[in-house]
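See below for the structure under consideration.
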Amino acid sequence: MTDIPISHFLFVSTALFFIGMYGLFTRRNMITMLMSVELILNSVNINFVVFNKYLYPDKLDGIFFTIFIITIAAAEAAVAIAIIINLYRSHRSIDVETAEEMKY
Amino acid sequence: MNLSLLILIPLITAVAILLVKGLKHVRTIALLGSGAQLILVFVLFYFYRQERAGGNTSNFLFENNYTWYEPLNINYHIGVDGISIAMILLTAFVVIAGVLVSWKMEKLSKEFFFLLIFLSLGAYGFFIALDLFTLFFFLEVAVIPKFLLIGIWGSGKKEYSAMKLALMLMGGSALVFVGLAGVYFNTNINGVHSFDLTQIAAMNIPIEVQKLFFPFAFIGFGIFTALFPFHTWVPDGHSSAPTAASMFLAGISMKLGGYGCLRVATYLMPDAAHEYSTIIIVLACIAILYGAFATMMQTDLKYINAYSSVSHCGFVLLGIGMLTKTAIDGAVMQMVSHGLMTALFFAVIGMIYDRTHTRQVAQLGGLMKMMPFISTVFVIAGLCSLGLPGFSGFVAEMTVFMGSWQKVDAFYRIATIIACASIVVTAVYILRATGKAIMGPIVNNEHLSLGDAVWNERLAAGLLVLGIVVIGIAPFLLKDLINPGTNIIIEKIAAVIK
Amino acid sequence: MTASQIIFYILAAFILGTAILSVTTTKIFRSAIWLLFSLIGIAGLYFWLEVEFIAAVQIVVYVGGIVVLIIFSIFLTQQSGKEMLRPPMMRGIASVLAVLSGFALTYFLIYKNDFKAGDKSFDWSVSKIGNQMLATGENGYALPFEVVSILLLAAMVGCIVIAIKVPAGVSSTETKEQKQGNIGNLKEKEIVEGL
Amino acid sequence: MNYSSYITLIPLLPLAGFLLLGIFGRRYLKNSSGIIGTGLLLVSAVLSLYTAYNYFFVDGKVGDSYQTITAIKFTWLSFSENVSIDMGIILDPISVMMLVVVTFVSLMVHIFSLGYMKGEERFPTYYAFLGLFTFSMLGLVVSSNLFQIYMFWELVGVSSYLLIGYYYDKPSAVAASKKAFIVTRFADLGFLIGILILAFYGETLDFKTLIENLTSQQSSQFLAITTASFVGVSALTWGLTLVFIGGAGKSAMFPLHIWLPDAMEGPTPVSALIHAATMVVAGVYLVARLFPLFTLTPVSLGIVTVVGIVSAFLAAIIACTQTDIKRVLAYSTMSQIGYMMFALGVSGNGGENGLGYTASMFHLFTHAFFKSLLFLGAGVVIHFIHSNEMKDMGGLRKYLPITNLSFLVACLAIAGIPPFAGFFSKEEILLAAYNSNKIVYGVALFTSGLTAFYMFRLYFSIFWNKQTEVHNHHGEAPFSMKFPLIILALCSVIAGFIPFGEYVSSDRTTLESHFDPMFSIAPVAFGIIGILLAMWMYKKESTKAEKVSQSLGGLYKAAYKKFYIDEIYLFITQKIIFNLIGRPAAWIDKNIVDGLMNGIANTTASVSGFIKGIQSGKVQSYAIYFFGGIVALAVVFLYLWK
Amino acid sequence: MVNEFLILMKQELMITLIIFVLLFIKLGKEETKNETLINLVNILLTLNLVSGFLFQQSGTLFGDMFHTNELLTFEKNLLNLGTLIISLQSYNWLKDHKHVPEFYILMFSTLLGMFFMISSNNLLMFYLALELSTIPLAALANFDLEKKRSSEAAFKMIISSAFSSGLLLFGISMLYGSTGTLSFTELPTHLNGNPLQIFSFILLIAGFGFKISAVPFHLWTADVYEGAPVAVTSYLSVISKGAILFVLVSVLYNAFAPLNESWYNILFLISVLTMIIGNLFALRQQNMKRFLAFSSIAQVGFILIGITGYSTEGSASVIFFVLIYIFSNLAAFGVINLVSAVTGKENVNDYKGFYKNNRSLSWVLAIALFSLGGIPPTAGFFGKFFLLLAGAGRENYLLITIAALNMVISLYYYLKVIKAIFMDANDNPIESVKTSWSPRIAMIICVAGIIIVGLASGAYQYIHSLVK
């Protein structure tokens, strides 16, 4: 099935990446920001898998990278959520616009 | 003898000061240390003369060369020639005088004297350094103590002045750094770059490189010696500083600049010095005349002396810019002379201020009646500064004039005449100040109860006056001292102009 | 235009569409759901690419783990169905510009770049992955594995400290972390023995 | 014979006095200081007389001309291989003559001051300064080197400054001293540049060598200095003219004379010494020293002549109108020095033409005696009346008999009445002027008449005229003050009979004094007319003087106001220098140069305030900046900065 | 095999060991007193530091996932030293904290991450280690649990780091796509400098830039530094920054050597921006921590200049500067740490008249600031000088001039603090701060380091010989 040019896969991943980035930029809710980060990481995963499968099939670097990224994503998400919850507890809001006490 | 002693003694003194408590001990140690240093310097002077008399014609004497940062070929390389010794003598005099005049410094005395001695350490190191890195190191060592001295013990808008001084001087040394780096990377002594002054002097740096980096080095050092238009730290800094610090600033640290301009910029990059000499001369003339006129309008004794320092240091730059043997001799002599003279001036102004608590000329008058000694010293300093024969100022200035006049072109002639003209203006402001503050009727009757100088002040003033008069009466001593030093510089320049 | 191609494009469209929805919808709960769909779509893509193992992991960890976590925390911090606030005007514009320009640039570069297709055939198997994962020699991934396990341990500790003594809703996150953390722990033990 | 054994003592003894009294005087030698100073000076006076004897009568003359003997010479500071400042003592007719004059007059003044300054609070300081001055003056006259003369030139300037400002708590005295110093300093600027020029082309600073180098027509130096020119004037002329400016400043020649009258603020004996006999003639001496060079350029000599004659005439007119007796004397001094100057100006070099030179020196010699006599006499009067103003005086002849007599002698001498000293010298000057330039001669002649008039105006209004009743009448004066008067009076009588031409002449050979009775009728006549006029106006108390002055009207007012020259100077200094140069300079420094430095700092601060928005505290904008940065970098480094 | 394994990974193993010790203590039944715990940790750290200098050996493990040599060991030792100092300093803050073991566990896991990062020879390892050294730090930043600022800082940190690591990953994936390898040793052979590689390299640099807080990737720094506990802040600003700098140097000099020309320009631009922006912001700061944050940003600008040198001197000067930077910055933070722990004051204005009651602390702070400002005879002078000298080796004097002038600006704000301490009057200055022995030791170590390291050229020469 190499009849689908690799650039199409990459289009998907890149687009996904920037969609995630858009979310990160615009979402005012911390948790949704976190979701956007997950999208970003997923797009990278697609990249690795695709590259590994189509370009460098002799080794499994991409695959492993993907696995580890997924694990890390979990850890990151966990810590982030913990922090968010703590923040929510300390002042009942998880709107990033309110998290600007320190500036300039 | 080992020159490192010159650094060691102040270091030991400084440490000792940290160890003891109480003004009495601190100042005693400071005095002992600086006294020992003075003696040591005289010993060095003696040995130097012996060596020269013994026919030692090498450019630098008593050289020591220890490897410091081997990978970068940075060495702790020290050595002296006549010029350095003259400067060291000056420093020793000013330091001990500075210690003496701050004899009653109650406020944080330990810190004060520590910084004072530490500052002198920087100056000594700078003057004996023959490795550009070492030189730069000591140059910067001598900056921050000034900031603290002015900021903590100063008067008036001290923080502002201290900050200004520190920043402008650091700016200067930043430029110096660029110059040095440029020189460093364009030296290639059998395969490695070198900071070694003697080695660099031995080789010839390509002229375009010189033309690129000479301005950095010269302006950088020039800021230290009040090169127009970078002189504005001088008035504020000097006038806000405590007495001893002003003496240091004007007496020594401005000389660091002059020495650097001569020893580093001009000596190592003669072609560029030749190229840029007209610009240097123009700036120097501006500094001389404009500084003098600016002085005429000042009403604060310290400001008067500060601005006059701008004008006087102009002579140094003029002498360097003229690039003739005599002129450079004059420049060096002017450095020494101005160092002593202005230190004396600040010392005596400090004494007056301690008593009357004002430096405004308008609020002073007829001091001659209450404090004849101080007034006499003031007059002596004034006369020296307006170039009266018998005092060092005359010798130095005349040498500069003679040297500058040796340049035939009309441009140089006019520059010389402008410089000469400044002596009249100098007379005007000096006599105005003297006539108002020292002579004339007593304006403030509270002053009637004031006493004259006490032993430490008399000693301090006496030492400086001694220096001034000795140079003024027997200038050949100084001349013979610096002669070999200036010769090697002039030889390089002559090679270029040919 | 073979079937598989069609499937691919449908998958792609699905992934991107749901992703866009999840970052644009104003209902936070819905956006979580859209995210879920998008992730599932990506898993589908992996299936399509015949790397079922990754697809499985994707489903387990993401769909089963992270999204659940997110949804819990939404429950905890938000009353669902509430409209979310729009970002400030300026930032909206700035982000659109940044994203579009960034996408244009990146994709342009990727498009221009010619990727030489590998000649060998791509063969993987769960056992191969497993062996390499714990192999210490060439192409062995034991070390990264340990690193990750330590990371999980640390993350667990961090979560405990930060989010300790919280209402029941989130304690489940804790337990979830505990699990992963314990996995990490076991792995640690293994090393210690393995030395 | 060897002079160096003792010659150095002549200047050094006064210096010793200065140091001794200056350092220890105030503490330990409060009362003995006068004696010490006088004693030291006595020694050096004797020594200088001995020197003069040796020089003129024993070994000065070789063949038929006097030699220049270099007693001592050592290099003090060398600039380049052959240009160096040497400290040396040379003996030639004029220097020896000056040695005698200076030491002698100074001695007289020392003695006089013993009485006059008695009980002053800073008595030792006074004598210290006197010693300093004497030292500097002696050093000046014996200098062997152009730069040495400049140095001592400055030193006499400063000692005069110190002595004028002796009463330092009197603002007028302070102002006067300042004025004196600054004006002369300004002139010295010219002197200095002149020296630079001469030294550069003459390739030496030593008088002897310099003159040899430049007078030999084909020497390289001569060619250099004559060919080199600035605005069409040769370097030689420039050099000499500038040097002459220096001389004019010291000698209070028009237009640099303004400091002299004010200098009278100093103690009267000081005026006698410095501002009558010695320092003020330094300018004349300088020109005489360089005379062989001056004769090379008619232009410079012409300038000398014009300045001299103008000063002489102007001063005489002003002197007629002044009421402060010391000021009158000051202007008369100026006028007499004018005589000496133009005498040099009209002189040629060598043989008969050198008459002016001899005459000038001769007049300098005689003038020293009678003018110091006049001042000391005035000193007695002031000491007696405690005032300088004529209106407070009159009919003092019965109180001050000796002063009266000596003063009269001095007046006759200065008025040029035979057989008093002034007659001979002035007559030679007039002759020299007559030989060279009739106009100068005419003016000089008229001036001598004026001289007689104002001197006797002074004399009569002090000692005759109205009676002033004197209370607390304490004798005429102590002996210490009378004695110098008597001595100086004697000198003023006899000095004229010295055959001066035998000793001092432009070419060092004997110059026969041609005393011609027929020629001297005119000057004497003018002198007598002047005296009679003064007698008619001032002998008896009357209003003639006022009438005359009214009839003269504007001219009188102008002369009384010293032709407004002071005001002009004031305008230039205060309005132009201070307001148009000084203030702007200070302002620029404060606001523009320094403003620039501060400006840099402030700009930095404001910029940092301006960009603080970046750090908005909003993590999403951070992210946008983050990504924006990446895109920017990518664009820059992929497409722009290849 | 096992011995080699033990020796090569000795530092990592030591840290892991400590982590587990703490873990067991935590999970153990009986409660241990904080003081004893802290002292125990300090002792262990000291042992670790000492052992780090023994049995120097170089080699690779786990395929080429992990490689080490004397230089890397030394770098790790530097980090150990820094960590030890911080742990000593934060005594006063920690001893009343509820979660001391957790604190140390998190801190050491990040340290472990840094070690792996330094030893990593593979983009995967690098990425994992990076995350390991970042994520727990975010948790640490939140360690003032009650303070809202603290958790806000933590959030900002975790989100920014997630974002930056996303970008980094994208870059890595692109790099993988265009070169087909993840190993640093194979990378150079595959790099040909095509646009995609440059772009992915820029993404990589962005990832690095985020960690070393280089402009424009620095914006999180100040907020996080301000919000986080002082101990964490100093850890962030010194240790993690130092570690990533080591890696950056080795990666740039080895893996990306082929792209040298382009990365020189990129670093040039970034360093200029970093210096200027850092200085301009530092000028206006009132909070000490925030102020030091920006000053550290400016310092990074200088360090980047050293890196641009691309020579033995370059990397040597960078490592040397990091050493000095550890001493200087930790001395400064140590004082601030003490003061804020005891009095809770963190503003520059609070420090007015500080000298009145705290002579020695004032001098420590002053010396530290002088060293940061590059004033001789402190070591900072030498560090800066060598950095700029290394940079000047590329004959790009514009960069050097800008840097030199920036040193002047930076001096201004350092002196402003000095001025506050020594010169400004203050009616109620900070009262005398009582310090227990361990912070004192830390101070002494720092000051001694600041004074000795520069004047005695030994350290630099050792580093230089290692780099060779």
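The letters A, B, C, D and E name the chains in turn, as written, and every chain counts its residues from 1.
The definition used in the following text is that a contact is a pair of C-beta atoms (placed from the backbone, for glycine too) under 8 Å apart; a residue touches a chain by one contact, two chains touch by 3 or more.
In this text, all values refer to a predicted model and were calculated from it rather than measured experimentally.
Enquirer: Among the chains, which one keeps its Cα centre farthest from the Cα centre of chain A?
Expert: In terms of C-alpha centroids, the chain at the greatest distance from chain A is D.
Enquirer: By C-alpha centroids, what is the most central chain here?
Expert: Taking the mean of all protein C-alpha atoms as reference, the closest chain is B.
Enquirer: Based on the averaged CA atom positions, which chain is farthest from chain B?
Expert: In terms of C-alpha centroids, the chain at the greatest distance from chain B is C.
Enquirer: Given the contact rule stated at the top, which pair of chains has the most C-beta pairs in contact?
Expert: Here the largest contact count links A-C.
Enquirer: Between chain B and chain C, tell me the centre distance in angstrom, where each centre is the average of that chain's C-alpha atoms.
Expert: Roughly 70 Å separates the two chain centres.
Enquirer: Distance from the CA centroid of chain D to that of chain E, rounded to the nearest Å?
Expert: 77
Enquirer: How many angstrom lie between the CA centroids of chain B and chain E, rounded to a whole number?
Expert: The computed centroid separation for chain B versus chain E comes out at 42 Å.
Enquirer: Rounded to a whole Å, what is the gap between the Cα centroids of chain A and chain B?
Expert: Here chain A and chain B have centroids separated by 65 Å.
Enquirer: Chain C: which residues touch two or more other chains?
Expert: 87, 91, 94-95, 98, 102, 105-106, 109-110, 115, 118, 139, 141, 144, 148, 151, 155, 158-159, 162
Enquirer: Find every residue in chain D that makes contact with two or more other chains and list them.
Expert: 601, 612, 615, 617-621, 623-624, 627-628, 630, 634, 638
Enquirer: Which positions in chain B are in touch with at least two other chains?
Expert: 167
Enquirer: Can you identify all of the chain pairs that touch?
Expert: Per the contact definition above, the touching pairs are A-C, A-D, A-E, B-D, B-E, C-D, C-E, D-E.
Enquirer: Within their complex, state which residues of chain E touch chain D.
Expert: Contact set of chain E toward chain D: 155-156, 159-160, 163-164, 167, 195, 198-199, 202-203, 205-206, 210, 215-217, 219-220, 222-223, 262, 265-266, 269-270, 277, 280-281, 283-284, 409, 412.
Enquirer: Under the touch definition given earlier, write down the residues of chain C that touch chain E in their complex.
Expert: So the residues of chain C touching chain E come out as 105-106, 109-110, 112-113, 115, 118, 136-144, 147-148, 150-151, 153-155, 157-162, 188, 192, 195.
Enquirer: For chain C, which residues count as touching chain A in their complex?
Expert: Contact set of chain C toward chain A: 2, 4-5, 8, 12, 15-16, 19-20, 22-23, 28, 31-32, 35, 38-39, 42, 45-46, 49-51, 53-54, 57-58, 61-62, 65-66, 69-70, 73-74, 76-78, 84-88, 91-92, 94-96, 98-100, 102-103, 106-107, 110-111, 115-118, 120-124, 128-129, 132-133, 139, 141, 144, 148, 151-152, 155-156, 158-159, 162-163, 166, 170, 173, 176-177, 180.
Enquirer: What does chain D use to touch chain B in their complex?
Expert: Residue positions touching the partner: 26, 75-80, 83, 85, 147, 150-152, 154-155, 158, 165, 168-169, 171, 174-175, 177-178, 181-182, 185-186, 189, 192-193, 196-197, 199-200, 230, 578, 581-583, 585-586, 589, 593-594, 596-597, 601.
Enquirer: Within their complex, state which residues of chain D touch chain E.
Expert: 601, 604-605, 607-609, 611-612, 614-615, 617, 619, 621-623, 625-630, 632-634, 636-638, 641
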